[in-house]
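These are the structures, in structure tokens.
Below, chain A partners chain B and then partners chain C, in two separate complexes.
For the complex of A and B:
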């Protein structure tokens, strides 16, 4: 019971820190000038350097899903032509954004928390404050804007990779013609909107949560390690919770 | 003038500062000394808003800054600079860009103008030849000189030095000591120096404040510190491992 209370207290504290970081970052985004060079560098780090990871993971996942769904479809209804029309909406509104979100939370979130956490414990963040460069403006804002742009881009590439690999497997294993597999009639604008809103929401949440974890780092390398772990756990959890909330709202819109 | 009135600060259950009161007068070089973990750096960071007190009042030039918000501290940090213990230069920037950053941010100068101004400040510490090098390419002593140049960029009237000579070779340490003294004599800069370096204390300080068990244990000129018969002070000066001083 006591440990449960401690966990609850920690969750509340981290949520409070993340919300304060989000509000501060949005304020600096609206009020102070943008450092386009820093934003560009972070877009490269978030986007280009995650692209192969995203393409490979989503590609294999699409192939596996196509294979498993094909076997089930054959066994139950004896027809594999429905795989594509069922898979594409699922990828667009659910699997694509969520998996890319989780991957970016792991790959980029840990990097942000470790970098900012190291700067905190070596007093570089204090030095920035002395230089009239608020950490939220100077460190979190460029990463926030970069993720906001690059998450949807990665989701688009990830969904394409998953769908193309799924289509390839369906053609090779089940002899489903690509023209039949790639049936876009079952993807609605609401599906696309839901996927993009999720991508943008994850793009906002991951750098803010990771940045808050990094800024809360205390002590030496142990503190940086703790901040990194906290960042990946909290950011992954945020992706799942946001996925549920936005998915629920989209369901209400559909009905 | 900087005033600390009844400052109390704890981290968790560990009380670091317990009812510390201290006034730093303009033009003084005040050394804050004490064993590691005595709360010296914690105390000086209060005046810059880098650490907030649990209780007590801090006044900067007569103004109560205890409840200042973070943004309220930015103008104050133009007048009161800090040289950090490990120099804390930004690895992703050249030495010149490190010095230019506070000029650009505080004065709102363009990138080119701030670089030109930074080059002048680097010349003050004889570092202009290495302006385009990265912090990782130079040694601790040179990094410290650049950190001092960065602190001087805005011509502050107060400078906080956190262990400025720690880790430096004797020659570099004496140069830093002379610079601190020169700043006080030539420009009237008030310096608060956190240090363990007895040679530096006895050659530069106008006043010594010895922190022990979260309180001001001794406050006076270096001569009074050197002549003190207090067992804790004697143990500190003589560097004895055995004695009344708690670990």
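For the complex of A and C:
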């Protein structure tokens, strides 16, 4: 019971820290000038450098869901022609954004925390503060804007990869022709909107949480490792919780 | 134009070489670990410490993840169910997707972030501060003393945490179905027990155990091959979670295909 209270307190503390970082970053985004060169570099790191990773994992995700849906469809109704039309809305509104968000949280989130964390323990961040460059403005803001733009882009590519590989598996394993599988009629505007809102929300949450974890790093290489671990856990958890909240709101809108 | 094409091929080649290097290093490491398991000399104290740290410390995060995973699945199943007015299949749709796929996948990804990254950071710090070399000079094999207890603890705890996670996912699913869709908990429970068999649970349990083994080998392998101070530890943790995520998805595909 006592440990449960301790966990609850640390969750509240971390949430407060993340919200404070988010508010600070948004304030700097609105008030101070943008360094477009740094933003472009981080967009390259977040977008281009993660693209292969996202395509690979989401491609396998599409193949897995296609297999599972096909096995269940064969068992229950004996007809696999409907899995394409039923799978696509699910990929667009939930599986695509969530898994891309988790992948970006592991790849980009750990990168941000490791980079900022090593700058903190080598006192480079203190040097920045002395030069009147607040770390939220100079370090977190470009990463925040880059993730905000690139996450929806990665989600679009990821959903495409997942759907294409699902189509391939359905054609090879269940002999469903791709023309029957690629049926877009069941994707509504609310589904697309839900997916994009989730993508933007994850894009805002991941760099802020990872940046806060990096800035809180203390001690040598142990501290950097600890900050990196904390970043990936908190960012993944934030993705899952935001997914539930936005998914619940969209469910209420839909019904 | 030709320089562009050359550059492209150059980069693809470099990428494949790097990939082959990582995969080869991990394969050699797996061979070493396999040979060490044939004559197990596991330090019992270290094993208990690892079991405690891996299991007890990551229980809260797995419980929260599983709870929300159950809730999210019910939301997604619910939008089909409301359209078709088939309220009695919510439990079935929830059960097979969480037990077979979403449970092992999400718990595995969370576990690799919490436990795998932690093991890499810990072993990486020991490597860059030459503590592993110190063990070697004392004639203590780091595979026996450091790696085997960690891998064993991760396999055991991943299996147990998946089983506990299923319970939390069930709670999350029932609560969401009752409060948002208006499905009576008894209706949910009946359709759950009617369609979801032990086979689904065992299917997921096999996946979870294999993921635990994969995360253990990858995290320890990356931890012991760290080079270059504090930034090296950060890079190794990053590489470890990325490799574990790719490995989980690839393994998941083949296990799904084999287990049917």
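Methods note: the second predicted complex is superposed on the first by the 255 of 255 C-alpha atoms of A that agree within 3 Å, B and C clash if a C-alpha of one lies under 4 Å from a C-alpha of the other, contacts with A are read in each partner's own complex, and residues count from 1 in each chain.
In this text, a contact is a pair of C-beta atoms (placed from the backbone, for glycine too) under 8 Å apart; a residue touches a chain by one contact, two chains touch by 3 or more.
The structure displayed is predicted, hence computed values, not measured ones.
Enquirer: Under the superposition described at the top, does placing chain B and chain C together on chain A give a clash or a fit?
Expert: Aligned on chain A, chain C fits beside chain B.
Enquirer: May I ask you to decide whether A:220 touches chain B, chain C, both, or neither, giving the answer as first, second, both or neither?
Expert: Second partner only, chain C.
Enquirer: For A:57, select first, second, both or neither according to whether it touches chain B, chain C, the two together, or no partner.
Expert: Only chain C is touched by A:57; chain B is not.
Enquirer: Is A:126 touching the first partner chain B, the second partner chain C, both, or neither of them?
Expert: first
Enquirer: Touching A:67, do we find chain B (first), chain C (second), both, or neither?
Expert: second
Enquirer: Looking at the overlay, does A:193 come into contact with chain B only (first), chain C only (second), both, or neither?
Expert: neither
Enquirer: Once both structures sit on chain A, report the angle chain B, chain A, chain C from C-alpha centres, rounded to the nearest 10 degrees.
Expert: Result: 100 degrees at the vertex chain A.
Enquirer: Quick check on the superposed pair: does A:168 touch chain B, chain C, both, or neither? Answer first, second, both or neither.
Expert: neither
Enquirer: So in the superposed three-chain picture, is A:134 touching just chain B, just chain C, both, or none of them (first/second/both/neither)?
Expert: In the superposition, A:134 touches chain B alone.
Enquirer: With both structures fitted on chain A, tell me whether chain B or chain C touches more of chain A's residues.
Expert: Tallying touched residues of chain A, the top partner is C.
Enquirer: Who does A:233 touch here: chain B (first), chain C (second), both, or neither?
Expert: A:233 contacts chain C only, not chain B.
Enquirer: Between chain B and chain C, what is the tightest CA to CA spacing in Å in the combined model?
Expert: So the smallest C-alpha to C-alpha spacing between these two chains is 12 Å.
Enquirer: Across the two complexes, what residues of chain A are contacted by chain B and by chain C?
Expert: 122
Enquirer: Under the definition above, what is the set of chain A residues touching chain B in their complex?
Expert: 122-124, 126-134
Enquirer: Help me check something: in the complex, which residues belonging to chain C touch chain A?
Expert: 60-61, 64-65, 68-69, 71-72, 75-76, 78-80, 82, 96-97, 100-101, 106, 109-110, 112-114, 117-118, 120-122, 124-125, 128-129, 180, 229-235, 237-238, 241-242, 245-246, 249-250, 252-253, 256-257, 260
Enquirer: In their shared complex, at which residues does chain B touch chain A?
Expert: So the residues of chain B touching chain A come out as 45, 48-50, 70-71, 73-74, 77-78, 81-82, 84-86, 88, 90, 101-102, 105-106, 150.
Enquirer: Please name which positions on chain A make contact with chain C in the complex.
Expert: Result: residues 4, 7, 53, 56-57, 60-61, 63-65, 67-68, 71-72, 86, 90, 93-94, 98, 102-103, 105-107, 110-111, 113-115, 117-118, 121-122, 220-222, 224-226, 228-229, 232-233, 236-237, 240-241, 243-244, 247-248, 251-252, 254-255 of chain A touch chain C.
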